[in-house]
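So, here come the structures, one by one.
Below are two complexes that have subunit A in common, paired first with subunit B and then with subunit C.
What follows is the complex of A and B.
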């Protein structure tokens, strides 16, 4: 990972963590299992999906739309990074 | 490959909270749906909402992976229900409105079509008076969101035929639901227990005994309630809840079941719960 990519990843992670902790009114470490800890209800889970799509201009479809991809802030960051990379032209 | 190659269609009347959620459930299970409402605007909003609910259901693993999604048709015409193998009436919780819609549906569908009313508490036998073939009418009380909650309450009215109960079970099986059958009574089982509990929870808050959050946390932590009664109320919709409580009070003669002041005040203000962004909780900002 280049320095630039690392900065992007950190910014995305901070953005997601900020959104989640704002909504659940608690600090959320990047590796905390949000479903197991009961912080994220099944209804809020879908709001997370919609938020990631809008905030990072990605589309989360098919097999990516699985709870495991949203279990932690770190997992969501990885998903967003992967979808953004996949969305870039090959020669970029 | 689809999990179930049989193609059939159900008609759902009413594109509100429950109609949308039941439609999403059926589509996610590969059943085609004709969704009927009296408002074109409501149908447009429902289409977008149902698409989102289908994603939500898939996300939560509520639909089989191999299942192709059913086809949705929306229409203002009740006649479109003519070819349905079953009809689910899911309009406003008002007995005269439901009776009128069921009478209309009953005149459109062929004999042998299973007629289901999704009501949280109106006695089935009361609604049976308005249909042509009361033996073909049964109650199914779906919970919201219908595609996520596995259990439903099935109500056998005094006139409901055995064949109808069997047909309802067959449909619910296709929809991946578990069911418990109960006899007819105001509020059946779940609403008779839950709705007065929510009403009391609201009274407790109004009297200042505890905050909304405290009531829900106690019921969750001490009594194993999954979300707490007041968060559940927001999911049901406070207008629907007030209607259901009024029905329960009228039909049981127990005036304590009538919606309490705080509940009626919230309905008056248009704070109807999740669907309007605010009820006992605020859903726009912090998810408290």
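What follows is the complex of A and C.
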């Protein structure tokens, strides 16, 4: 990961953590299991999907909707980074 | 760029004409009507142009849904089912599945979505239908009830248990082991083709399972979100039909030497109907704006729209029956159909009480304003 990519990842993680914290009224560490802690209802899970799509200009479809991709803030960050890379032309 | 729904209302007027009462009575929408709508992509107008659809916004599709709902709630209900199936495939399907199924749904095929079971209505975690891998195939077993439009459908998106979670599978209605039996004489949307669906050892290629063959989140939530915004707009249509019938009647009919509308107690009914129509319209517009802008607020706004519109439609239809009196008190009158159809809208896609529970949860968890 280049320095630039590392900054992007950190920014994305902060953005996601901010959204989740705002919705659950609590600080949420990047590695906290959101499902095990009971923080995520199906309505909130859908809000998360729509938020990630809007905030980071990605589409989350098909098997990317598997639970493990949304289990932690860190997992969501990895998903967003992967989808952003996949959405760019190879030479970009 | 041409407006994707240009000419659609005129087509609906041609196709429905004054036949909605007859379809309600016979419980059947003619095949030609459904096929014409389906072939033009009008039953799922939100399917993107990339997949051969009309690519209508939620707001435009919503207003069109209301228009159809003002003419015939059964046809609108078939639209809701088709749109739910398409949306579920668009969200949950992989690239090949989207490319395979969506052009068909936007181009003439009819579809339904099967969630409910005898013991699993609002509590879908109690579902017993299973989708089990077997080599390159999957086997679907179960019994679904009250599947709207299944009587007409070429394909049925079936939700069932799958491994440790759940999955949705696209089942051709013609597949061996599929039996579709109509719900006899439903109380509302009588021509919407509600049916029970039996799945006896239905063997399908594994790629009929949406997504990559692992349990996904939001299977039901995704499809229901579309169903809810569609039902909500359909209720706007019911209210518009009721308002229109009530105000015309109150203007034209005279009692005690005056039009009914001049009698204050009747005037209040008209005011309440107008208020209901406006409340439902605004809450639907708000939710559709969320869909179109990709705002996370669309999730709760959609539940709110369904809740508000269905309750307003049920109350508004009862009000319209009161205004029209004996004029509407016979089977098939637009207001009499609205009365039965609107009540059904309070029961489906999350009953009024389920929507209230979701809204209550939201009220508890939302950030302070």
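Keep in mind that, in the parts below, the second predicted complex is superposed on the first by the 92 of 92 C-alpha atoms of A that agree within 3 Å, B and C clash if a C-alpha of one lies under 4 Å from a C-alpha of the other, contacts with A are read in each partner's own complex, and residues count from 1 in each chain.
Heads up, the rule we're going with is that a contact is a pair of C-beta atoms (placed from the backbone, for glycine too) under 8 Å apart; a residue touches a chain by one contact, two chains touch by 3 or more.
The shown structure was predicted, so the numbers you read here are calculated from the model rather than taken from an experiment.
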| query | Should the pairing of subunit B and subunit C on subunit A count as a clash or a fit in the superposition? | reply | clash
| said: Just checking: does A:43 make contact with subunit B only, subunit C only, both, or neither of them? Give me first, second, both or neither. | reply: both
| field | Partner chain in contact with A:53 - subunit B first, subunit C second, else both or neither | value | second
| remark: The chain contacting more residues of subunit A, comparing subunit B with subunit C, is C
| query | Does subunit B (first) or subunit C (second) touch A:23, or do both, or does neither? | reply | both
| message | Quick one: is A:65 in contact with subunit B, with subunit C, with both, or with neither? Answer first, second, both or neither. | response | both
| query | Between 183-191, 255-263 or 273-281, which run of subunit B pushes into subunit C after the superposition? | reply | 273-281
| query | Which residues of subunit A are in contact with subunit B in one complex and with subunit C in the other? | reply | 22-25, 41-46, 49-50, 65-67, 70
| query | For the complex, which residues does subunit A have touching subunit B? | reply | 22-25, 41-46, 49-50, 65-67, 70
| query | What does subunit B use to touch subunit A in their complex? | reply | 52, 55-56, 58-61, 145, 148, 227, 235, 274, 286-288
| request: In the complex, go through subunit A and note every residue touching subunit C. | output: 19, 22-25, 41-51, 53-54, 61-63, 65-67, 70
| note | Listed in rising order, subunit C residues that touch subunit A in their complex are 90-95, 97-98, 165, 210-218, 220-222, 225, 293-300, 303, 358, 361-362, 365, 367
